[in-house]
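In the two complexes below, chain A is the common chain; its partner is chain B in one and chain C in the other.
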Partner chain A sequence: MMRELGVIIPAIADRYGVRGGRVASVIALAVLLTLPLWGNTYLVTVFSTIALYSIVALGLVLLTGLAGQVSLGQGVFYGIGAYVSAICTVRLGLPPALAAVIGVVVAGLVAVPVGRAILRLRGIIVAGVTLTVNLVFFYLVVSVSSLTGGATGFVLIPRFSAPHFMRYSTFVFYLAWLLAIVCLVLTLHLARSRIGRALKAGNLLAGGSEDTAQVLGIDVMHYKVGAYVVAAVFAGTAGAVYAHYMTVIEPNSCGAQFSVLIAIMVIVGGVTNPWGALLGAGLIVGITEFFREVAPILVGGPTGAYELAAYGIVLVLCLLFLPEGLFSLPARLRRRREA
Partner chain B sequence: MKPEPRGKVENAAYRQRAAGAKPDKALLEYRALRAEYGELVAVKDLSFAVSPGEIVCIIGPNGAGKTTLLRVTSGLLKPTCGQILFRGRSIDRMPAHRRAALGIVQLFQDIQLFANMSVLDNVMTGAHVWTRVGFAASALRLSSAVAEEKRIREAALNELETVGLAERALEFPGALSWGEQKLVALARALMAHPSLLLLDEPYGGLVQEDISRLTALLRDLQQRGVTILMVEHLTDVVMDVADRVVVLHYGEKIAEGPPQRIRHDERVVATYLGE
Partner chain C sequence: MDTATVLQSLISGLTLGCIYAALGLGLFVVYGVTRVLNLAQGEFVMLGGMLTVSFVTVGIPLALAIVLAVLMTMLSGLFLYRFIIYPARHASGSTLAFLTVGFAFAIEGITLLVFGWEYRSLTAFLGSSSIHLWGATIFGQAPWVVGMTVLMVVGLFFFFDHTLVGKALRACADEPLGARSVGIDINRMALLAFILASALGAVAGATITPLTMTAYNVGIPLTIKGLLAAFVGGIHRAEGVILGGLLVGFAEALSAGLMPTGYHDAIALGLLLAVFLARPRGLLPAHGVAE
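Take a look at the complex of A and B:
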């Protein structure tokens, strides 16, 4: 794993023209991995959240950036991962690790029929339909309150059995980042493979063509559903970890706003680049925390939900000036310098 | 006792011989094929056959149903009725991607290279039908995936070498000329190991130099045993390349035969060549 990262990170950095990419990436990784040693619990929690969001966003990079299929409904699979895992522990008494795996598998299985239905649609309507599915899921969770805890949420979810020598937040931090890096490597691998080419060939958003893909023997639907399932498995993984981390989940934590936020992260970070998912997640979580925690200190009192406006502003600025996302910034700067 | 036949194909041939039947020679056969777009009948009760190794050209005025016929053959359009037989097997209910796996590969008139991939990746995509690595092996980059990827890359570079574009492999399609893009599309189609190539106006928009290059390539493919069914407007090219010509007019076949006879067919001259 580390050997692969040592090769992959500098290689990607080089390709995007990040000078001294090797040094920078090793420093970034070192800073990140030692964070629980020097940072406070708040910082550790924030970075765990970034990792979990990154995992969901990576799935969307696969789905939108590679396969060209938009989705405003990743919260459904995040929610399935979280709720199924919670139900398995509390109602069936299964250990959290096993329950989490079941949650992820269920998310993947649900994605098969849902994907088959949704991916028949083309264009902007897909955004609307996925968002609607997310809303239906939200009301389903609220109404089946005997199983899910309803609108007040599911409480007293047991924690993972963490080793005794570290704090629980530190354990979750390493677990979340391990999973995020695994998902990142899997996504990078998929992008540059037979599967990646099949997905790009049918990508209507970026110059692919379904007719051409099909006459070359690619079952476009099969690969799109595959990408949808992988994205669901990623989202389910993040959801399951979140449930046993927070020990509380409520319908809003996997609602439409969650899904839209994931989409914003991916657009801001750069939809075709897996690394962009991490950047986008970092930026959006950073904005959220700034307005919730830092701004009240600065202005000396409670502030409103300014982060919602900030998301919008960042999104519009990105679409105007960096349509390929934050990850295209180094390459752009270099081109400008050379020009 | 005769030796046990091995493969499926041999087996079929063996049974035919044993039954005293004449082996069915056609690679592709249309039987009373009909295709419609709503009210419009684009192909009307068409019947003809293509033998293995032949180059057959379909000609006819605009709107004669030529492109429709190719799309029905590759599986992008469902026929209303009638039959398409490939190697004696009915394929008219088979989706396009499965027909490609049988060896039927279409090239479009407007090329349609994937703009989001390098030239090399475009050609590598053509290997899809004979490669097997799935989601899990690709994501985990198992040794089987790595080995297969290497085979695909080598084969793709070979095909690019054949069409003389190996040094453009890492560029994107937008940087290539129209003629070069056509050659990349051809290389990509050849990566799929086609036994029947469907070409839609392959000579369209080519300069004289590229025309001779393409003709040489098509002849070479024919030598390698690839059967070609193509739609073409350029009469000179058709007369030069085709073994047989089929003339369509409003979806109906009005003539069929070797180029020399078609050139002098009264009906063909009146409706099409005489323009």
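Take a look at the complex of A and C:
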């Protein structure tokens, strides 16, 4: 049955053709950039969320797709960016933009020793350890409640000083997408550079070998920690923007479930493809919003129930039938057509 | 700081340690035979607890309810292997681990749909009376939890050392190629490992529910504690996992008793992580095998 499905799903996509990639992406970009002009606030918020998640996911593409390290702990750095920035504004009275930069820097600095300690390990153990680190971070945030607001969250975080001629949600929308595109370009560039090649040489998942790369004179550890820090900076950036956007941050918004969801986005989109991170983020946020807003109206029942099952089912189907992610679908279809 | 507090911490440490050891054993069985890090082990525990509670609620006697719950959880373990892991058995370790994550999310979602989000509990197996000992309180269910783990350990050692199937499982774990060449069906052994792990999880779930309560979302935190136990002690040996589980339990309970309130969870987990990072192959590494 598995094999039949593996044929049927690409065939359906084939029937409704995924052609003209370039035209499609130009149209998508135009629709996206004009969204605040015609969309309502809800839609703008959803797409801002997609941009922020894409930024975190892009970091994981660097770390997993290029460096071959599976992390289930990106929420830690997202949380550091958000909390440090919030603390700097509320307790120290700094302007939000400066505080956000401090948050990002702190996230990057924390990643150096953590990365050095964790990346000595190899293989799937790294995923388990990063997940545990995330739980430790969660407990820390909850317990240092005088600074972080504890389990109920940090509230009344000031907003960025946005220009007066546009709505705040519109401002954040453009800010988030600007940052997402910068991160995307950076990731694409890194993947093709000398650094990307060095990372791939040491990446077991891409057919490389850490030992061989080491023998060839590549300081694998150095590059791996570098990738870890860049991923942390990405996550911290998204977290800081999120904090000043929502004006609230709570421990659960950077907990283990968040980190696992980010990993799911990357896998569903295609681990090695930076564009896949955007696609995966869009799909997962889409599922979340669909099941939160639409499904309870259609079928009733508690919110929060359907999306959990949907994440799981999408992840399993994707890994079984499209192991290289949704983004490999067009290439697969092309290959099938030529074959 | 009095003897009663220390005694109380030690007692809850032992109880918690047994819970984590049971989780670690499930991870060990699957990892040993198939090299899959099963991030859905906590979901088996959750299912065992939730199903037992719901069977008891509809009036089925406790013993029968547990048996039914264990059997149904074993079915979910069979499903996980046969339809999710088996088709992708040649994929990388991280793909396989993420397949179990997907299964875990699906199970959580379905449980939430069927049973709702409320925390549920069971009455203790022999009434909810507690034992008082030098100022410390032992909940009536705690000895059952300890006994369940001891029984599990003894049973597993007997199974692995003295039965043909157990020896075949161990052969797969030690030397897959050799096992295949003497005619052991590796895929069947892998299926057996998943079913065994789900049964272990379900029994643990039914036993700990009177003590810890259960809900659809207890699985992932339990999995993380089990992972920590397995990593700290060493996932390659049953002894390592048991030692790791007890260490995690005692660290948690002692820091809850001795450390400033609120910080104890972070301190205990942080310390254990530090132990693991200092000894990445576990306190009891595999017997003379180069990794």
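Assume the second predicted complex is superposed on the first by the 315 of 339 C-alpha atoms of A that agree within 3 Å, B and C clash if a C-alpha of one lies under 4 Å from a C-alpha of the other, contacts with A are read in each partner's own complex, and residues count from 1 in each chain.
Simple rule for what comes next: a contact is a pair of C-beta atoms (placed from the backbone, for glycine too) under 8 Å apart; a residue touches a chain by one contact, two chains touch by 3 or more.
Being a predicted model, the structure only gives us computed values, none of them experimental.
In this superposed model built on chain A, chain B and chain C occupy separate space and fit side by side. By the document's definition of touching, neither partner reaches A:Ala331: not chain B, not chain C.
By the document's definition of touching, neither partner reaches A:Ala151: not chain B, not chain C. After overlaying the two complexes on the shared chain, residue contacts for A:Ala162 are found with neither chain B nor chain C.
Using the contact criterion defined above for the overlaid structures, shared-chain residue A:Val101 touches neither chain B nor chain C, since it reaches no partner. Greater residue coverage of chain A by touch, when chain B is weighed against chain C, goes to C. In the overlay built on the shared chain, the residue A:Gly217 is in contact with chain B alone; chain C does not reach it. When the two structures are aligned on the shared chain, A:Ala295 is found in touch with neither chain B nor chain C.
When the shared chain is aligned, chain B comes close enough to touch A:His189, but chain C does not. Superposition on chain A places chain B within reach of chain C only down to 10 Å, the least C-alpha distance between them. The interface of chain A with chain B does not overlap its interface with chain C at any residue. By the touch criterion given at the top, residues 74-76, 95-98, 100-101, 105-106, 108, 112, 114-117, 121, 124-129, 131, 133-135, 138-141, 145, 148-149, 152, 188-189, 192 of chain B touch chain A in their complex. On the side of chain A, the complex with chain C involves touching residues 2, 64, 70, 117-118, 120-121, 123-125, 127-129, 131-133, 135-136, 139-140, 142-145, 205, 256-257, 260, 263-264, 267, 301-302, 304-316, 319-320, 323. Chain A contributes residues 186-187, 189-190, 193-198, 200-201, 203, 206-209, 211-220, 226, 230 to its touches with chain B in the complex.
Those residues of chain C that touch chain A in the shared complex are 37, 83-84, 87-88, 91-95, 97-99, 101-110, 112-113, 116-117, 220-221, 224, 227-228, 231, 262-263, 265-266, 269-270, 273, 276-277, 280.
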